[in-house]
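Structure, as structure tokens:
Order as written gives the chain letters A, B and C; numbering starts at 1 within each chain.
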Amino acid sequence: MAGPYTLAQIASQLGGRVVGDAQVLIRQVGSLERAGQGQIAFLANPKYRAKLARTGASAVVLAPDAESLTALPRIVCDNPYAYFARVSQLFNPVVRQAKGIHPSAVVSTTARISSSASIGAGCVIGDEVTIGEDSCLYPAVVVYPGCRIGARAIVHSGAVIGADGFGIAPDGGRWEKIPQAGAVVIGDDVEIGASTTIDRGAMDDTVIGDGVKLDNQVQIGHNCRIGAHTAMAGCAAVAGSAEIGSHCTIGAGALVLGHLSICDHVHVSADTVISRSIREPGTYTGMFPFDDNASWARNTALVRQLAELADRVRALEQKLKEKGGGNG
Amino acid sequence: MAGPYTLAQIASQLGGRVVGDAQVLIRQVGSLERAGQGQIAFLANPKYRAKLARTGASAVVLAPDAESLTALPRIVCDNPYAYFARVSQLFNPVVRQAKGIHPSAVVSTTARISSSASIGAGCVIGDEVTIGEDSCLYPAVVVYPGCRIGARAIVHSGAVIGADGFGIAPDGGRWEKIPQAGAVVIGDDVEIGASTTIDRGAMDDTVIGDGVKLDNQVQIGHNCRIGAHTAMAGCAAVAGSAEIGSHCTIGAGALVLGHLSICDHVHVSADTVISRSIREPGTYTGMFPFDDNASWARNTALVRQLAELADRVRALEQKLKEKGGGNG
Amino acid sequence: MAGPYTLAQIASQLGGRVVGDAQVLIRQVGSLERAGQGQIAFLANPKYRAKLARTGASAVVLAPDAESLTALPRIVCDNPYAYFARVSQLFNPVVRQAKGIHPSAVVSTTARISSSASIGAGCVIGDEVTIGEDSCLYPAVVVYPGCRIGARAIVHSGAVIGADGFGIAPDGGRWEKIPQAGAVVIGDDVEIGASTTIDRGAMDDTVIGDGVKLDNQVQIGHNCRIGAHTAMAGCAAVAGSAEIGSHCTIGAGALVLGHLSICDHVHVSADTVISRSIREPGTYTGMFPFDDNASWARNTALVRQLAELADRVRALEQKLKEKGGGNG
């Protein structure tokens, strides 16, 4: 652990404007609720303002419009959340694995691994794989032959990169396998979560853009293209040949069906199935509401009768119109 | 395989009251449908009573209110399902892995592993990890540095404990990584399924209570707290900082969104998304009903027009009220 | 890479009828959109006919009813997609792993592995496992004791076969573990995707039929039976003791609840929860429609009031009937 630092020292490294006692000594970050003496917290979301009044933190990071809400020593900046991330990096410097290839890893002699990369215990790296500088593969990652990973990647345990896509053609009641002759190409600054799987392409490559962040247990089908700086939360899945733009966010458990395309700056809510292409930036949702079990059972039975209900409303309208006509 | 035992011997070990021939010899457990000579089955759910009449089992375990439904030798007890679990344990004693650390496992010299624990082939155990007595990690489990696992844990292959949580802050079109400086703390008597992932906390720890049972491919986000004796079925997921009480059950594929809290004794049905906190015990459901494809298409199109349909019903009510007023 | 071959040579190996220049030389397969000189594409779905007119491919595979839609050299056959799969196999011969057991794999001395099988780096194969001829387990697969895999299997990295099923009985606020004494039995010609998990049975075996194809991150619960030539897309899950027929397809993220049975030739759409048994072949769907977030919020709130809305429609019908009666 690094530090401690005074508020003044933090601001001199990371920018921002100090208000109040610049000499207060900070040892670690904390949340508004739990931070105590020597810790710095942050306020990014206005709905947590009530917590600011009660915090035990020694200092806070906040935006100009919240500057006067506390008497605590504070750093005022435009993006308190990103600023907090950097303060946390300061106090929690990354101690990843040792550089180099762990002796228990199995690495093909034809793989090209940057000398500054770190390949964890039990990783298996196939033929002709390339891995860029400062990338870190935690233990038990598998990279199939021919796949390429850029610089500064972080790949968590259990991730599988480059397994065959699900390419099968029906033929007289059996399935004929379609060779998966493409690879996976991953840009720079990508993070891949634990047990996430990214399939190799059938003919072309599966492509993951620069700065993409994938949480755990994400599944990316063959020939997908994920645009730069898009983030996908846990258990999200993208079926084969779908293209997702840049700067998108895909919520936990969401599913994008195959061969669709989603433009830049689209936000898909958790558990939403995208069943047609999206051409306008915005937020899209398709989460079914939960309820206590009895209410759910009562209401849900009617989902199967919606068309009939609409017909009955139409009939009522017609009948009333006729009556109205008779009276008018 | 252990045994055989007479019914009397079983009851003397596990309790319960024998009715009928206590000397019948039992070699193994079985289901009511498939059990044959020398096997003992059980009846817990009244809806399977018809199967009791047709069973080929040599004996059955059942509750007092079902005692007179069969002439077979039987053990009468209050909880036939739990009793059956124990009978099955009797005939199928656990033969897990050999105690100790498999030579192919990679274990940090600073990890503290109980001498009665079993660490399978290919496991990777990080610095400062602790693993309690009689715990069994099957092959290919990864435990990241600093995580703690209690006594009598069963962890299945492919599970990843302590990978980084999904902490990223948007900053000018890119993502800034938030260090994940917490760990994972797992109580006693916990079972973790194959390929399940439990993320380490960002600042505080992720906490899994005593007696928690997680099925396969479950995902637990950073800073979650799962209460004691809660069980989660396959592919369930809990987003970051959610708190789930004790004695809850979470169905297959269900999703609890981030920062929510669920009280004790809540039962979430399969495929249900919990999108706000739950403060009352009970069963909650949000499963969308399936139908044949044509009916589904017809009804589902109307979900997107529900607000309009409700407006039309309101207009009809208003019109009829006016008319009624005219007549009244 | 194999070839090049003339169209005539391809047809002599794989059948079909050549129309146009049979001597055109083909080096690789490609898609209608991207194929260029020396590549052969295919047209299977009539909705892609417009792409046929614009393709840069040197030849195409198509069905008799599309034969006259292009002047390009072509192979006419009954099933262009399956034919294309075979052409792709011709130009992309499978180069899986070397036969035999990788030195880093941990294989029980009591396992019976065909000498023509290939066991990848880091695989762990338990006691009494059998693996049939020409099967290929990619790196980091775990097969628990007693499981059986047939001939020509392809198992991708991270798959876990035979972990304990989720068998727990509630007992006074705790969970009693039910021994999982069955195994997993997998037929011939099965493909299993990356990080897919198949649980061993509790008493009987979990059974995967011949020719079954499972994509990545699929979860199969204990005692399930999956019929021959059924295919399941990514992240699909089948809860314990469910039986799925032969020649079914299960879409991505779909879920089949426990103890249900699905007959042959059933097609379940993506993200659909099957909550009761299906006895008629056909296509079944239960996907909740997504919308822009504001529209979704407005419409979805009404799902929780559907029963009330139906009551109001009924009241309107009644009132109108009374009025109508008064007028009639």
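Simple rule for what comes next: a residue touches a chain if its C-beta (ideal position, glycine included) is under 8 Å from a C-beta of that chain, and two chains touch if they have at least 3 such contacts.
Just so it is clear, the model here is predicted, and its values are computed rather than measured.
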| item | value |
| --- | --- |
| Same or different residue numbers at the chain A/chain B copy interface, by half rule | different |
| Degree value of the rotation bringing chain A onto chain C, based on Cα positions, nearest 5 | 120 |
| For chain A paired with chain B, centre-to-centre distance based on mean C-alpha positions, whole Å | 26 |
| For chain A, residues contacting two or more additional chains | 104, 122, 140, 158, 195, 217, 235, 287-289, 291, 300, 303, 305-306, 309, 313, 316, 320, 323 |
| Interfacial residue positions of chain B with respect to chain A in the complex | 104, 106, 122, 124, 140, 142, 144, 158, 160, 163-164, 166-179, 181, 195, 197, 199, 203-204, 217, 219, 221, 235, 237, 239, 255, 257, 268-269, 272-275, 282-289, 291, 295, 298-300, 302-303, 305-306, 309, 312-313, 316, 319-320, 323 |
| Residue numbers on chain C that touch chain A, as the complex places them | 29-31, 34, 79, 81-82, 84-86, 88-89, 92, 94, 102, 104, 120-122, 138-140, 154, 156-158, 189, 191, 193-195, 211, 213, 215-217, 229, 231, 233-235, 247, 252-253, 270-271, 287-293, 296-297, 300-301, 303-307, 309-310, 313, 316-317, 320, 323-324, 327 |
